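Chain nomenclature is as follows: A, B, C and D, assigned in order of appearance, with residue numbering initiated at 1 for each chain independently.
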């Protein structure tokens, strides 16, 4: 098979699918595009978001009751920016009405620019870098940002009244940025900070923890990494038992999965969390979300699913609103999104000029026994925080 | 300061015992066949996942899962051996590309079978602290598998020197043609080196599963570490593997303690290149690197 | 024969420079795929040059790709260089970096392969650590794109396609020219008979070193191209193993001892992967690369092009019988006097 | 032209050459003989830079050779052949000579290559794959051809006549004579065949167990008691 025949087939395929989708649009069916990492080093988080997107589609279709129908066309970007761009372009050529997905600021950057070129709205919860919303893209939206995570972590640490904090962080893009943010915030508040940067391939954290224990002697330990890093750090801490009063992490930590799979290890550990676990239902949407998620995937929803769900739900609402007014385009959907104010699973969402959600502030949860309780901010708390308390 | 150093050396030592187990499997095959099995790390990882599956499905203790893992890893290793045997031309380099391909296949098979989630044992005992004199800290699993590592490396050493199979293997390793003249069937010896390598991979994989967390992308890094140690040791030196592994382990923990933890990987790579350039025969072995 | 060959070549050039943009220029997705495939092809040609002529199998071309990308991006962003000269400087930077890897030339096959891999690791760690220059783990965002040259906007899909196509073809021309020269003859001979070439005056290590520098330069320019095309860079991406794995798969598949092999291999492997295998198995389709590598090594280590040639599709330059594990002459010639 | 002073070569305790000393004048042709394992090829390897001697000094054309690499010595004018022919793989016969000329002599001169091919009777075979398409005699001729293409001043031939039929051997011996006259070469010839040595070499040097035991005209040497003793029982002589 020569290159040309391959390309010809591709071209034929694209023409065919464009026709097919064109026909479908008249039957009030909208296809959303989703470019997410299902393989590569972001596979885990991408898959989580993807599940949330699927739940949003299922719930929306049920609610809309045949008036409109939504489908999602998903392409794995393999955690690679070039492939993410190609994925967006392919989805655009298939005639999707908007895009939901994306993980990693470095991948979302070029992908959302490609979306803008095709006049498609791109909404995500996977990229928290500040630069993303300073690119003058009218079609880019995100429901969370690093300030939201950082504010929550800082707020908790400040409320604890700790004097000295050891920050242990992975030298990846998002974790590195977050660590800098937390470090500066703490210093401004007059808290003494030491930092320990580690490589993503590190598995034995005893050396770092020993420095925290013998040299830093800090009141609190802040971890900024991913699940495998947390497990490694917590295991090292459990063995070495530094005299800290609290150990705090960010994403991927105060989750039901960590609570069940690493139960003893994570006791009293804090992490960002939107909902307590088991979910204490507040409002119909959360109840239904949780039920649908369990039905579809046979497990408790986690934060990735929640974010994926919320971003997609908002997008669907905007598409429906635009359709009801007569025209679905990048411009109209963006307009709808910008004018919307919603109370969602992750709190109030309203987008500013840049497509950012300034309302976004995370909550901090704490593993307490079989539960993850929300302990910060006070007004959202479902339980008192155990402090001082560590897993060991 | 003193306490930090002591703990760094201790942690490095324990890591070294485990590294030695991983590396010896690679070094053994390398010694007999002059082939670097780039899928070795994936074999280690495969054992870890088999232990995980046994624990998840049947509630089996990871130690008890070793026989099952051994069968799976052993058969996979023999398949690798069989495929290498089919290379016709320039075996030394082509086997590198072949096993590289096999490593990619295994990584993706693991990913598709067990997903990208992180996995670790939930048997609490492995993670409990083992403290010596209030100054040296580790987890039970680390001490256990350090012991297992030293015992296995020692056992392999004994086996190579005191059994006929072992001697045959050494004979093939030092001079294939001469060994053939002595009536040794090199094909069988090579297959045997793969089996022994699989045993080592299995135990080290289970150790990994109990002491750390596993995820599909881990295998490649393990192979590289094992190769670094093999070069450090020099060809045909079993004690060299153990010592090389400890040097790497301690070098890493010392870097993490006294420089920056993020430079830990760099230490290994720099030691590796220095040995290659300055002392290509390794620290202890026969010459492994031709001009 | 020669007439037919130049006819074929002209036809190919016409299709590549005119046909493809006219047919697919409007389809961003298809163009993106082809650009990505050509990027792989550019590295694959460089890899093949080193593998075939230098006799050196590298497992760390990502090192040169990343250095080229960083040098070019930083020259443009921090020093205001125009993009195209900066790309050449990126290649130069990679060439200079390759000088640092030269001690590895003394090493035999597998050791060289893995030593270069170690360099790729080291460069990546350095890129993370020297964050004041490189932006550290966060990387560089919004790297300026290509300019407009002779009325062609290189920043457009078609423009980027023409640019990378030109780069790949230029590298193939260099590969071809070196291969045909007496240098190329000596280099190819060195692979199986190094001593025999040395005693007639061929400084084999020097020639290998030159091939390493040339290959690194080529890879660096391709890395620079990618940085300006994707407009972002971070250490993990720039030094990713992908930049080693895919080109090797492409070169092995197409046949790295031919000039056209790496290009054909890259197009077939990449497009098949993205268009076919990705559809069939959404997760884990990289598995196919592994299978492909293994299958080629076992079934046709000379690659697809020679395989097709053997089947009579195209005519090879000269058939060389595979040496069935011929024992190599001892290092010191025949030392038994 | 060439001078060896006290040259020794040890392989891990085994002495392959012991304190070998001799000198040659320009234009001389020297026969190098001795039983198997006497160190003849080792001596070639030392002179051509394939091996670095354990001790001793070498001088070529008035300059010390020092530690110059083997490829550099080829450029300085030392050409050699191998006992087991080592054609350059993947190249044709002509390309073998082109590479040798380009790198060894530092120039490209097609006419000289034609001439060498003609002298060695290889013209008809010039486009054949050198590693796989040649008969033994042709392989030996190519060995000589490569060494000649380097445009050497000293040509060292390692049993280029070995293993050939008697008639072929005689013809090839004459070819070598012509070559020497044509290019005015200094030559060292390793050869087992006494007749060939007698016709080609006015001077003969004998090695035994790495030691130089005789140096003189063929007649002197072959009547030397030590030489005869060294060959006793050695069927190859």
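The working rule: a residue touches a chain if its C-beta (ideal position, glycine included) is under 8 Å from a C-beta of that chain, and two chains touch if they have at least 3 such contacts.
On a predicted model such as this, the values are computed, not experimentally measured, just so you know.
S.K.: Comparing chain centres built from Cα atoms against the global Cα centre, which chain wins on proximity?
M.R.: Of all chains shown, the one whose C-alpha centroid lies nearest the global centroid is C.
S.K.: If you tally contacting C-beta pairs, which comes out ahead, A-C or C-D? Let me know.
M.R.: Most C-beta pairs in contact, of the two: C-D.
S.K.: Can you compute the centre-to-centre distance for chain C and chain D, using the mean CA position of each chain? Integer Å is fine.
M.R.: The separation of the two C-alpha centroids amounts to 42 Å.
S.K.: From the C-alpha centre of chain A to that of chain C, how far is it in Å?
M.R.: One centre to the other, that is 37 Å.
S.K.: I'd like to verify one number: the distance from the centre of chain B to the centre of chain D, where each centre is the average of its C-alpha atoms, in whole angstrom.
M.R.: Computed value for the inter-centroid distance: 50 Å.
S.K.: In whole angstrom, how far does the Cα centroid of chain A sit from the Cα centroid of chain D?
M.R.: Computed from C-alpha means, the inter-chain centre distance equals 76 Å.
S.K.: For chain C, what residues touch not just one other chain but two or more?
M.R.: 125, 128, 283-286, 323
S.K.: Would you please write down the residue numbers of chain B that are in contact with two or more other chains?
M.R.: 111, 262-263, 265
S.K.: Can you list every residue of chain A that touches 2 or more other chains, as numbers and ranges?
M.R.: Touching at least two other chains: 39, 41, 43, 171, 199.
S.K.: Under the stated touch criterion, can you name all the chain pairs that qualify?
M.R.: A-B, A-C, B-C, C-D
S.K.: Chain B touches which residues of chain A in the complex?
M.R.: 39, 41, 43-44, 47, 171, 196-199, 201-204, 206-208, 210-211, 214-215, 227-228, 231-232, 235, 238-241, 257, 261-265
S.K.: Along chain B, where are the residues that touch chain C in the complex?
M.R.: 36, 83, 86-94, 96-98, 100-109, 111-112, 220, 224, 227-228, 231, 262-263, 265-266, 269-270, 272-273, 276-277, 280, 288-291
S.K.: Okay, in this complex, where on chain B does chain A touch?
M.R.: Chain B residues touching chain A: 3-4, 7-8, 11, 15, 111, 115-118, 120, 122, 124, 127, 129, 131, 137-139, 212-213, 215, 217, 221, 253, 256-257, 260-265.
S.K.: Which positions of chain C touch chain A when the two form their complex?
M.R.: Touching chain A: residues 15, 20, 23-24, 27-30, 32-34, 36, 39, 125, 128, 136-139, 141-142, 226, 230-232, 234, 236-237, 240, 242, 264, 267-268, 271-272, 274-275, 278, 282-286 of chain C.
S.K.: In the complex of these two chains, what residues of chain C are touching chain B?
M.R.: Residue positions touching the partner: 57, 59, 103-104, 106-111, 113-115, 117-119, 121-122, 125, 128-129, 241, 245, 248, 252, 281, 283-287, 289-294, 297-298, 301, 322-325, 331.
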